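Across the two complexes that follow, chain A remains constant while its partner is chain B and subsequently chain C.
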Partner chain A sequence: MNGQSDKDITWVCHKCNQNLALKKVKVRYLEGNFEVELMKCTKCNMVYIGEDLALGKMLEVEKGLEDK
Partner chain B sequence: MDLDKLLETGDKCIHTEPPICVASCPVHLDVIAFVSEIEKGDLKKAYKLMEKRIPFARLIGSICDHPCENGCSRKDAGGSIRISDLEKAVVQFGYQPQKKALELPKNKGQVAVIGAGLSGMTAAVDLTKKGYMVTLYEKSDRLGGRIWKYEGKGLEKGLIEEELQIIEKQGIKVNFNANIDHSGLKELENEVDAVYLGTGVWEEVLKIDSDTFQIEDTSVFAGGRLANKNDSIIASVNSGRRAAISIDRYISRVSLTASREREGVFETPLNYKVDKEPFIASIEKKNKYYSENEAIMEARRCMKCQCRDCINGCTHMQTFNISPNAYVRQINHNERIILGTHYANKMINSCTQCGLCKEACFLDISMKDVIHETRESMVEKGKMPLSAHDFALKDMKFSNSKKFSMVRKQPSKEASKDLFYYPVLSYSKYAKGLFRGSGKTGFLFYPGCQLSATHSEHIGEIYKYLVGTMKENYIEGDVGLYLGCCGAPADWAGRQDLMGENTQNIKKVWEENDQPTFILACSSCISIFEKYLPEIEVVSLWEIFDQYGLPQRNIKPGRRVLNIHDACATRHHSNVHKSIRNIVNSLSYKIVELDYTKDKTKCCGYGGLVYYANRDQATEFIKDRINESSEDLLVYCAMCKDLFVSGGKRTLHILDLIYGTNLDGLANKKMPTLSERHYNRTKLKMNLLNDIWGEKQGMDMMNHVDFNLIIPDDIMAIMEDRYILVEDIQQVIDHARKNDECFFNPEMNQYLARLRLENVTYWVQFEEKDKDVTVKSVYSHRMEIVEE
Partner chain C sequence: MDFKTIYSTISLCPICMKKLDADIIVEDNQAFMIKSCSEHGDFKTVIWKGSIPIESWIRKKERAYIQNPTTKIEKGCPFDCGLCEAHRQHTCTALIEVTGNCNLSCHYCFANSHGTKHQNPTLDQIKFQYESILRASGKCNIQLSGGEPTLRDDLPEIVKMGTELGFDFIQINTNGIRLANDEVYVNDLKNSGLSSVFLQFDGTKDDIYEALRGRALYDLKLQAIRNCQKANIGVVLVPTLVPGVNLDNIGEIIKLGIRYAPVVKGVHFQPVSYFGRVPEVPKDTDRITLPQVMDEIHKQTGGIIGIETMKPPGCENALCSFHGNYVINENGLMNITKRSSCCDDIEKAEEGAIKAKAFVARNWAYQKPKCCDGGHSDWDKILNTLQNNSFSISAMAFQDVWNVNLERIKDCCIHVSTLDGKLIPFCMYNITNAEGNSIYRTNNVN
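Let's turn to the complex of A and B:
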């Protein structure tokens, strides 16, 4: 589910004033549990999900799991 | 789910049953495929189809007595399709020499065939292909028997000779000038495993079984004119073929009779109706044979008869290109999958549960019931895709929450005494109604959740009308008001758990309020009450308008012509259909009925929650219905109006005719967005409480935040598509601002915030300028991100 492009990197965590870094993050839906690399704030752990990822790969995986 | 019962229902469907032409062709030429190939101009493929079914296809195809044509459904709409002439043309223009067949081992046994006429040769060839060593005995010195009578009368000598070479090519041994009589037969019986008798005449009377062609229980079988007692060429050929099947079974020692019901001519359950077919006269041939073009024209007249009665009216089955019997098989498969993908889910959630299929089917097969039961089963097993109905169910929850739902008795006399003075009491039926208040509720006006969102401005007026009208006619019963959602979304989604809860709640209100009659203004409510709350008496608002007269308003009489779109949920409520028409007529509109109307009406596309589960499918429904109608549509269900207007169709709700002022504007008026619906419902509740019950509801029912939310139109449209509400993004931004939880993009000077609400994470990108927050983009996902 890696799908984060360079243009996403310009976001910073507002509270921590930190740049984001690519880290392994747990995601889950229904019976599915995965670990994927996503951009996040290394201080407060807030994870960034871009529109392309949410409506692309992520939606596809959601639908796939729903039909399992 | 009872899958055996399901399959039984599927098996009842006659979609795959053959047309009468095929059933009355003894060898069952696939006529539909045959004419279809001709239509495409592929006469070679058409010939291949003949060859597959008809022995000595070039000969029989040229002289067949064509019983297929007698019952052809086209008969009364221009004349039977001339299948026989088509075959002749195909023999002329589509014949291709067969590639040399593989020599099969002939080790299954030995068979003697007596008589090399049509039936004998057919039996000989069929048995050879089944792996028997066959010897033909012919009393004359040539093959073909009766065939030669047609020399120069439909058959050329060369063609006969060529086609008869099949016998030699199959490696069948022929003994000419072999006159086998009774004793010769006895000898042969001892030498070979079975004998076929195709001599046309025989010295003694034979007892031939009409199904197996066996003579008593001997190893001798007989066909042709011995068995048929008539001159039909194709019946003769067919008897040879069927006797060959019997001989194969006899020698292989398997049942001679098992599952042979449909050999030969049989009766098809298909009764194709031509009342809607245009009359098209037969194509006459200019020469001896149809030219290729003439053949194509004649083939085009064939209606490819097949039962599609339900499919013809159903956009859903058309979209998925599926018939009920195939649909049932797919459901069966989907239900049995334990590990793996449930491919049929999307289809199952794309039926509007409108019930038209059952109306169209002469066997009363109801895909609506099948699909409804399937959805319930999916829910029970935890296999219903969550996202399909989530939004609609949340909407239902909203409508049954404090934000909309409420029950009120008619304002008491004591509370209304300010109105009881002259002249108000003399002109206001409402005031009179309140004055007559008994304290006992006889009626509960239940406008439903959707109408309350789309026509909220009229609900109060309608309520007052009802108080005035009902109290005038029924002294006893007061008129109360009940806002809420009947539970239709739960029913459509197969959520019996939620449905049960909802039903209980409504029943409780009914019992606590003197078991009143419900006055309903939504077709879905009517069908839900009927299905789940049969003990509650209901009447539609339209019947009350019809029976007691329209509200005293300055209603402009209409001049235009209207097509009425009946709501599918009330297809069986002829009283509703009648009332609507009476009202429309009384307002001097002219009604032109649609083809699919009243009990045969179609769904607008909202039913079954298809609008949420498969928006493209809903769009197809909308288009289909719009295409059917040439005038402005008149509807009496809020969602019908919403969908048709969204498809660009001028559509009027019955309330528009009565309460509307600018009909032209109303016919195209964009319906409220999903967010506006929530807002309208809450606002309606507040207004009613304030205006009618004098309850000053605080503004706390609306969400309030300390910023100005600005949503550009294009973003609003995206939110509609993605089922994201204004109240959702309001919460996201509020949370981000209060907790400083968001991302920031210094170049764009914009923020990006996320918040998980129940089972969805919403993302909002926005810009801030003092108190103004402008939304730049919104999206959501259901997957949960673990932030740790």
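Let's turn to the complex of A and C:
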């Protein structure tokens, strides 16, 4: 990604051909519900989660919520 | 009366401790263990009562036979503990009793510790026990217990020895008296690497302590919590639940725990079990079973804690415990756990042990609250919330000689380290017959 964050890149929804925009999105892991800002298609509501986030902070949150 | 047999198991005679066939039966929506000794008669003990049926609670597991058994199978379970090759679960927490001495004379005590008559194990002896645990079970969680471990001035040294040997999570099991009175000692424990305090905390009123512990202790308990807060040591409140004494205080204990979060990381209830010399067979009304505890939690917190948010364990036998994980937020509590109403899935016991170890190390230790350092994103805020506002509610039902079930013993993951380097499942270590005689513990009541 050459040091660029997802915010700096114009992502386009493949299905709708619509630019993604940063929007508040509800996420849930186990029974925990949280609101986070993610890149989202304003038409179909599909959300884009980059690899850095999925294997970084998002994974940390999942581990923090992990049950025994 | 009609009854249904749920399953058959092996138990012990409360008098001669001979192995007996036992049935778990359901009668009138309650589960009982029934067994019969040809010499000492019939025994029937309640094991499960409340709104959650026992059949819906069982979690099926693929057994995790241990890789390095210390003892051979000779006499058969439960007389070969060490652990032996028939044991079905790894060590999640290993206990080391660092003293037999105590500064209280509790009516209920696993260890039958009173006064200061015992010789403490030496540091070399304790090192041998740490190393024996490492060999058998790897870097599991450690609980330093007793007696009252804080009677030892060298407890910080014992904690440090454990951390230097590679144990990441070390907890002390204490009545909190010294922690309340000696801040320097608390700081020394923290600096030695202590992660967590398992604080005997039977209620929010002094009459409870007078009944169970022989003296008023409530203010001391709060001071102990405040001193741990200053030293950044996580605290788990551990009430022993006794019918007629503190069952009506369950909700207040939880509310107090939440009020003292994040230093208080959770509440871990222990329904009373009967060890030592017992003049009469404990009556069913002298017991409270796990589903009754869950019902009381739900009722006494005004429904804030839903019954369905509490689950059976993935590590030990399902009949041994329950737990619920929560995040404290502006609306009260958000539950993270939910009991599944299905299912026939078979889980791996070994995975359960790994998860339980990680959960305890993460959720029962106190990490200094931080705000927003390392990032300002929504994900950072969630991570901060989880670090500062996680709260757990759990309970463990210890087995005594009247309700001991060898299926549960074989699945046990909490093991007591002995002076000769063996590991004994916690309940088996503490079990006595009605005369107070043990199979494994050495300080028998005579």
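Going forward, the second predicted complex is superposed on the first by the 59 of 68 C-alpha atoms of A that agree within 3 Å, B and C clash if a C-alpha of one lies under 4 Å from a C-alpha of the other, contacts with A are read in each partner's own complex, and residues count from 1 in each chain.
Keep in mind that, in the parts below, a contact is a pair of C-beta atoms (placed from the backbone, for glycine too) under 8 Å apart; a residue touches a chain by one contact, two chains touch by 3 or more.
Remember, predicted model here, so these are calculated numbers, not experimental data.
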Can A:14 be said to touch chain B (first), chain C (second), both, or neither? first
Partner touching more residues of chain A, chain B vs chain C, is chain B
I'd like to know which partner A:37 touches here: chain B for first, chain C for second, both or neither. second
Where does A:26 make contact in the superposed view: on chain B (first), on chain C (second), on both, or on neither? first
A:67 in the overlay: touching chain B, chain C, both, or neither? Say first, second, both or neither. both
So in the superposed three-chain picture, is A:55 touching just chain B, just chain C, both, or none of them (first/second/both/neither)? first
Please identify the positions on chain A that touch both chain B and chain C, taking each partner from its own complex. 30, 58, 61, 64, 66-68
Could you list, by residue number, the parts of chain B that touch chain A in their complex? 340-343, 345-346, 385-388, 740-748, 751-752, 754, 761, 763, 777, 779-788
Chain A - residues contacting chain B, complex: 10-15, 20, 25-30, 38, 40, 45-49, 51, 54-55, 58-59, 61-64, 66-68
Using the touch definition up top, name the residues of chain A that touch chain C in the complex. 30-37, 53, 57-58, 60-61, 64-68
Residues on chain C engaged by chain A in the complex (per definition of touch): 309, 311, 313-315, 323, 325, 327, 334-338, 352, 355-356, 358-360, 362, 375, 377-380, 382-383, 386-387, 390
